[in-house]
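Here come two complexes built around chain A, the first alongside chain B, the second alongside chain C.
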Partner chain A sequence: MAKEVTLSGCAAAAQAVKMAKVDVICSYPIRPYTAAMMELAKMVANGELDAEFIHGEGEHAQLSVCYGASAAGARTFTGSSGVGVTYAFETYSPISGARLPVQMMIADRTLDPPGDFGSEHTDAMSCRDQGWLMGWAETPQEAFDNHLINYRVGEDPRVMLPQFVCQDGYFVSHLPGKVTLPDQSQVDEFLPPYKPPHALDTKKPVSHGPQIRPDQGVIMDLQRAQAFLDVPKVIRGAIDDFNRIFGRRYSPFVEEYQTDDADVVFFIQGAHALTARHAIKHLRGKGLKIGLVKLRFVRPFPTEEVAEALSKFKAVGVVETSTSYGGAMRGGNLLHEVRAALYDAPKRPLTTSFMAGMGGEVIPLQEFYWMAEVLAKAVKDGRVGKYVYWVGFEQAA
Partner chain B sequence: MAHVHEITVWTRGVVKDKEGRDVANALAKAADKEGRFTQAFDNYVDLPDRVNVPVRKYARISDEEIEMRYDYENEKPEVVVVVDATMVKGMNILRGMNKGGVLVVNTDRKPEDILKFIPNKDLLKAIACVDADGIAGTATVDFSGSEGGVDAVGLGAGIAAPLLGAVARATGLVKLENLAAVVKNKEALYRGHEQTVVQTIN
Partner chain C sequence: MAVAVKTQTLSPIKKIRSVPTEEYYVPGHRTCAGCGPALQYKLVAKAAGPNTIFIGPTGCMYVANSSYLCTPYAVPWIHAQITNGGAVASGIEAAYQVLIRKGKWEGELPNVIVMAGDGGSVDIGLQAMSAMMYRGHDALFICYDNEAYANTGIQTSPTTPYGGNTTFTPPGPAIPEGKRLFPKDPPQLVIGGHPAVKYVATASVAYPVDLINKVRKALNVPGPTFLHIHAPCPKGWKFDESKTVEVAKLAIQTGMWVLYEWENGEFKYQHKPKEYKPVREYLKVQNRFAHLTEAHIAKMQAFVDAKLKAPGIPVEIPVPPPRATA
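Right after this comes the complex of A and B.
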């Protein structure tokens, strides 16, 4: 029987990984993802989970251990936060290039300086071009679900790619929320065992990751790129099955809230969508036609779905929570993707971005109200005032 | 937006960390049983803790959904619980409190002795003193529930239990029987409830 419990995002991730019957776990502590490993270590120690639990010497070692274990046919799990994520950077492309479906949890933390535990998406978003799937959870429940969905998609023979399964540090990782834990039988029905086609085997020796010539490299790049083209259809299939087996109602890529008659929307990924929903409820009470579009996967970026969803509106405010210093839009990363997705759309909304929740600051209701005012003014003026607003540091809407 | 009752627990890092967390967790769990909306969590920004440093744990209880779930701290606590009495001295433990709050202290001293150390005692409606150390005899040390982990040894086996009894007595915020349903040392909970000395101030 499925049961409802109260868990932090970290503890929810650990429960999912346990129910996925992971074979090899490699840990190294860094806040705020640490509790996921605390939980898994307890499960292995008390015999609840039959897995190898390996202490890495650092994040680079964590990923290297999982690289080898995955090549040998093990379902693997690792994780990190903030500068831990960037410390392991070298390993990301070799793992996706080897087409090994390693799963890594990221509970976001700001990159230094000078050392801030707050959640900002820049740590994970910096790794978005390394050939890994990537998406955020809004709640501990969604974190739990995303770990299972990502194993299923990443290990699909049409995909064979690693996955960053992200949740905001503290807001999701540390604050307990209600989580419905499924039956093991439901998880087993959804997630078949991991069977890599070319596992390392002493009886049938094969080479993984040898040095190659430039003309061989391009083929591997092309194959990785083509695999990404197949991912959306695999995600759709996995979400259909997930919703059926677990009784959820996820959209594969973009989730809409209060958008039916909306003029303006927030476009957002991760934890702050929760506060945004409350803000929208109050703003609608005052007569503003506002809604929310939540992104569930940023890699692969669902270009068509985003274009279709957003072209219905007059103005879109991208709530960023990450930076791209000196980027085309001078703000975060998501606006680049949104504008690129909309470029060929027959009808394009006005777009702007809000640097909000930076450094791990809470985005209060009032800041969402302020952002809504900016969007309403853009609609009235027929143009956006700026491409980037640092919320809380601007004079007026 | 419904009113959110904020409860802040002051305790000391590592040695009384779990006891403080237990107070917050048990209050939220007991209120959960009453069908209310709750949160309980460690103060994130001043962790990870060190031995004996002042740390805070928070609980929130509301009759409607809590909209600002992500606020790092309880800005306006209406109940403050102090797990180690030495912390009343030299620190503004009532920070943010509006007039009419309640202070619960683990001490074998009388309320008037404790109030001497609290310059902003005018904020208080009442103070409650309970000798939680004397009643429970021990502080539980366990780290499984820290950093968003799941508590592995259960709530309220140590001094948190009588403190929770005192909170129920002084505030009526949650029902004693619901606390009894979530706390391990029920006898200590009831004794704390009985033996708490409450002094009304304003």
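Right after this comes the complex of A and C.
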């Protein structure tokens, strides 16, 4: 029987990995994701999980071990945070280019300058163009679910791509939440065993990753790009099955909250959506028609779904939680994606962005109220004051 | 947890005529004429046989061998970054361990062999190699040593000899000897710091039977093993491509390369000359050393004399002099 427990995001991730019957795990310590590996180490030591648990000598090795193991036919799991994520950067494109469905948990952490251990999405977002799926969880429950959904999608023969399964450090990774753990039989029904089509097998010798000429490279790039075009349909199928088997109600790509009559919305991914919902409840009580649109996958970016969802509103405030220094909108990357998705929409809302939760700070309710004021003023003025606001550091324009 | 162990015994051979005729590294690649690394690859593949997976970190044996749709490998082969040969091998070995244990793969644990250049072994690849040795994966790590980053245009590596002229250590009035540092000692790095390792050996393309037998022994020994194979590079060392084996032999005759096995703490030597020729004999057949003065050659000879007394780095190794007095 499924049972309800209280788990942190890290513990929830470890439970999902265990129920996915992963074969090879490669660890290296860095906070905050480490807690997931500590759970898995205990499961292996106690004999609850039959997997090779390898102590990598760094994040680059973690991904390299998983690359080899996945090519040999094993389901793999690894993870990291912050500068650990960027230390492994070399390995990301070879893994997606080899079409190996390695799964990596990222519990976000700020990149250095030195020593800030708060949650910020910049570590993962810096890797968004490496050919991996990527999306955030808002709660430990969603983290648990996303690990299973990503294995299913990534290992689908139409996809065969690695996955960054992200959760905010501390806000999700270390705060306990209610998690419904399914039966193993439900997981087995949802997630078939990993069967790679071209595993390293001495009975059927193949060469993996030979050197190519420029004219051969473009075809491989095209195939990887086309695989991403097929991913949305595979995600939809997986979510349908997931909702049916586990009794959840996920939308595949964008989730809307209080949007039916909304004039303005926050557009957000990850943990701070939870605070935003509370802020919206309060603001609605004061008469403001405000809602929320939450992104579940940033790769592949659900262009049509985002355009369709957001073009209903008068103004959209993108809550970034990551940096893109010198970028087109001078703030984070999410606004770039949102504006690009809306460019061809018949009706475009006003858009602006909020640098909030930076350095891993909490985004308190008051800051969401302030952001709502900025959005309300934009609607009133018929234009946004600026494309980026560093929340807490400036007056509303 | 159960650990899969190979039951195979690859038997030693006595003569070159008993070398298997089957090839697992087949013709059709694009290595240079007289390529030492290609020659050792062919011998290693023959020695290991069909139950083998090669991991090929970036290097000459990737760039010149592994062209799409015409790779020379008749056994499974996978590219690794130049950085991570040891880690990729660790993952493959671990995958086979668990897949065999869970009944998801039927068959014997394969020979897992990393074929890495000197850079991929003891420079940028050192961390991953050392970790594979430390963790005790059942895999053979081979450093085919052509003493430079060759496919990028002959740049110095940690095994380039003192005095070597490479494109990053060109001799000039301020630095007359070119390369000023003495090389790292790869097998001693492995022996000195990795308790799980029970077999390490050096080999040379000049002695194919010895090389084949060392590969087989390394694969028969459970756990991680390491081979350091001398593989002359006509293009990088600047000698005629018909002389690869001759140059490799001269290295052993002058003491520039020593053939030995280290097994469970014991050293055994092979093809040890009764009397060593002067190092000069080896240097003069390679244009990478053509600029060296008598003083430089004397320094090189002193290094070799000290090194021949015992395996490892001699304590009286000459250190590079301060720049002003070079």
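We take it that the second predicted complex is superposed on the first by the 395 of 397 C-alpha atoms of A that agree within 3 Å, B and C clash if a C-alpha of one lies under 4 Å from a C-alpha of the other, contacts with A are read in each partner's own complex, and residues count from 1 in each chain.
Methods note: contacts are C-beta pairs under 8 Å (C-beta built on N, C-alpha and C of every residue); 3 or more make two chains touch, one makes a residue touch a chain.
Source: prediction; values computed, not measured.
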Worksheet item: Looking at the overlay, what does A:364 touch: chain B (first), chain C (second), both, or neither?
Response: first
Thinking of the overlay built on chain A, is A:350 touched by chain B (first), by chain C (second), by both, or by neither?
neither
Looking at the overlay, does A:379 come into contact with chain B only (first), chain C only (second), both, or neither?
neither
Between chain B and chain C, the one with more contact residues on chain A is chain C
Ask   = Now for A:117: first (chain B), second (chain C), both, or neither, which partner does it touch?
value = first
Between chain B (first) and chain C (second), which does A:170 come into contact with in this model arrangement: first, second, both, or neither? first
### Task
Classify the contacts of A:39 with the two partner chains as first (chain B alone), second (chain C alone), both, or neither.
first
Listed in rising order, the residues of chain C that touch chain A in the complex are 1, 50-53, 55, 62-63, 66-69, 71, 73-81, 83-84, 87-92, 94-99, 101-102, 104-105, 107, 110, 127-128, 130-131, 134-135
Listed in rising order, the residues of chain B that touch chain A in the complex are 32, 39-42, 44-45, 47-48, 65, 67-72, 144, 146-150, 152
Interface with chain C, chain A side, in the complex: residues 23-24, 26, 50-52, 54-58, 60-61, 64-74, 76, 90-91, 94, 193, 200-203, 205-213, 216
The answer for chain A against chain B in the complex is residues 6-11, 31-32, 34-35, 38-39, 42, 117-118, 170-171, 173-176, 271-272, 274-275, 278, 362-365
